[in-house]
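Before anything else, here is the set of structures, which you'll find just below.
Each of the next two complexes has chain A plus one more chain, namely chain B in the first and chain C in the second.
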Partner chain A sequence: MPFAESPQREFAAATEWAAGRTLDALTGAEGAAPPTPAPAAPEPQALLAGVRVLGPDVFAPALLTGAPTPPETTEIVAEAFRVFPSDESGIHTWRDRATAELLTRAGYPVSAPTPPPPPDPGEDGWQHWSVRMAQLSCLALPTLDGPVHQRAREHPLALARGAARAVLRRDHRTSARLVRWLAWLHRTGTPSTLELPPLLRQLALTGDGTARSALDLTVAAHLAAG
Partner chain B sequence: MLAQTVLAPHRATAPELGTVKALMTEDESPVSDAPLYRPEAIGLLLLALLLSPKGPKEKK
Partner chain C sequence: MNPAVLGDAHRLATRALEWLHTAHEQGHGALPPDGGADLSDPDNAYKPIGECALAASLVLRETVSGPTERERARVLLDFGWQQLRQGELLYERQFRHMLLSDPLETYLHFHRSGYRHPALDELLSGLDGLRATHAVETMPNRRLAIANARHVIGLGSRPDWDALAAATWLGARPEPWAIDWTTGYSVTHTVFHLTDWGALPERLPAPLREYLAAWLPVWADIWRETGQWDLLGELLIVDACLPEPVCDPQNWEQLVAAQRADGLLPRDLDPVDEDPERAFKDNEHTAVVGVLAGTLTLARALR
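And then the complex of A and B:
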């Protein structure tokens, strides 16, 4: 894959690649002949970065469909955790904690630092809080639960407001991530003030064309159907 | 699903770690809010319409 010199662009492209492969595994398209030539695999360091960015989402096909995660995939996630270790600052440590939990379940025990308190809409309003929750949308998966999920259960209205705001701003990426939380709430029995099917249809029609957003929407559709 | 990988040789550098963190915590898109109704814009449109030159006439 012809990558640019900047690690930001290289890692972003690798994340897209890994998201595309995960999406294929989730939709059952893995191994099927793609309509256009599939991009070549990224360089090893970039691929590990991409897998590290996806975090718990690498396990989404297994958690949503019951198909086991291939051992070599789990090994790559563990290697990504070793090469890109978790540090103790920032909201991303919640993602690291979820990845560590899933890796430990898969037989690759790794430790993650204790995250800061989960974001609360009472601190700086539902707008900012919903963006923080969008950054943690990869935690919206079956069998994962914790303080962040508890916050989502406590504030379904703030999540719905955030999703509606993101749709109005035409911020497709944030909308897809917040709709995923709404779908998780639906699956866990928390009533939401927004109807999911029209939202999912709208976002599918106006997609931003990225594999990451497509993965978020597909996970949301699975959660909503369950 | 991600099987065709050779494991990476070295531990990530600080800029690489920073890049991964930034990709994990994508902020919302820097787009403007939804279009707002601005009544004063109507006056400007009417003024522009009145001041605009007439279209060329067809020669007989």
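And then the complex of A and C:
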């Protein structure tokens, strides 16, 4: 079923759809399952694009609740990786690397290019760094760890400042993504300078209405409760 | 400390003080000719005299300004003291309205710089002994302003600074993402008065110092981005009241870049009014803020 008239909008809509399905699986909504072909699903190529954008988050329900990822979902992620190969540049290759790691664990070995060094707040300040870390928030999942996570551990205050700044700028998506990192730090033993429960409540009340932000917030809530 | 910041601080303060001085030479900042002790709108005449005196008194308190700046500061104080009829206006206003605090708070700046009105000293000392003056229902950050004025003037009361600090918004160490523009000014004034404008940084409780070290950079960033130069300048004064700088040097660069060639520092991104009297009224407070931010930042660096 086509969602939109242009491929770009169709892919964006498919990403929302896939995020919504993942969110349902995470929250245990009735009949929920991670993204799989279904009567209401986007066109096959758009579905692959949406799953590709969602990246490691397709596996978030399994990593956070222990519910197994359906094999057909894993197959779609692997297929998405073949159809849309990882490019060789930019910090988003860290997302591809995380997806590749989770696919390999699930029995679908794929390779991803070596990412650039993880961003560092010393380069151009905590403001820009926190925004880049927000773009990598899908790495904030249980069992994932690596150089980006190490950077987060080294700079919890910069992440907290970034989260507070994003809330004050009414940038809901960045707020949700950074609170997810703070929750991951909490879960892995690094205390947050920001209290998480009031911030999670506030962001839930002032949501931007997208499934992607709701997914970030729900993952954050699971991590914070863990 | 970052030498570029010190250069920016010096430039900002010197030019803002020059602008204030020039504006007074041109006749701005005087009380209306018929002004008496019962000024119906003190914000428009009486308050700016106090604010200019504040800036000038701290230029003289610190030892970081050159002889030209110290002379300009003295000229501004002399002008204000003359406008207040050598303190007589403050005395009359305090005599008639014993629960008002603005005569005390205005007198503070002149008293700090050596001006005296003996009858006002005696009156303030008597009022300081009343439960009635201490029990006036006032915003918590304003209570700190009054307590600090009594302290600097040397009145007898001994406030519980920690309790006064704890009653403010800042004292609650609230969620830093919940601040708004007005509350930003409450925070800055809490720190100004609690530390007596940076002279007593230890009077700011350690948990509040740590809280500000974490979140002041965020607030400065937010109001820098929105071009709220007046509030950004106040936040940089707060930075100067902390033991070590915490804000990004870019804040200073942008504040200096916003200052016009004649030294006027606009309060925000709105166009500056072409009428000189209006421009003075709109931006006089921000000039005072610029003088204080620069002077106190230099003073902290040399302490």
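Rule of thumb we're sticking to: the second predicted complex is superposed on the first by the 215 of 226 C-alpha atoms of A that agree within 3 Å, B and C clash if a C-alpha of one lies under 4 Å from a C-alpha of the other, contacts with A are read in each partner's own complex, and residues count from 1 in each chain.
One rule holds for everything that comes next: contacts are C-beta pairs under 8 Å (C-beta built on N, C-alpha and C of every residue); 3 or more make two chains touch, one makes a residue touch a chain.
Predicted model only: the values in this text are computed from it and were never measured.
Contact with both chain B and chain C is seen for A:Arg169 once the two complexes are overlaid on the shared chain. Put chain B and chain C next to each other and count what each touches on chain A; the higher total goes to B. After overlaying the two complexes on the shared chain, residue contacts for A:Ala18 are found with chain B alone; chain C is out of touch.
Legend: residue contacts after superposition of the two complexes on their common chain; A:Thr73 is shown touching chain B, with no touch to chain C. In the superposition on chain A, A:Arg161 makes contact with chain C only, while chain B stays out of contact range. In the superposition on chain A, A:Arg187 contacts neither chain B nor chain C.
In the superposition on chain A, contact of A:Arg153 is made with neither chain B nor chain C. In the overlay built on the shared chain, the residue A:Gly125 is in contact with chain C alone; chain B does not reach it. When the shared chain is aligned, chain B comes close enough to touch A:Pro7, but chain C does not. Taken together, the two structures place residues 168-169 of chain A in contact with chain B in one case and with chain C in the other.
Of all residues in chain A, those touching chain B in their complex are 7-8, 11-12, 15, 18, 21-22, 24-25, 30, 41, 44-45, 47-49, 51-53, 55, 58, 61, 69-70, 72-73, 76, 79, 82-85, 87, 90-92, 95, 131, 134-135, 166, 168-174.
On the chain C side of its complex with chain A, the touching residues are 175-179, 214-215, 217-219, 221-222, 225, 248, 250.
On the chain A side of its complex with chain C, the touching residues are 125-127, 157, 160-161, 163-165, 167-169, 193-195, 198-199, 202. Listing the residues of chain B that touch chain A in their complex gives 1-12, 15-17, 19-29, 31-34.
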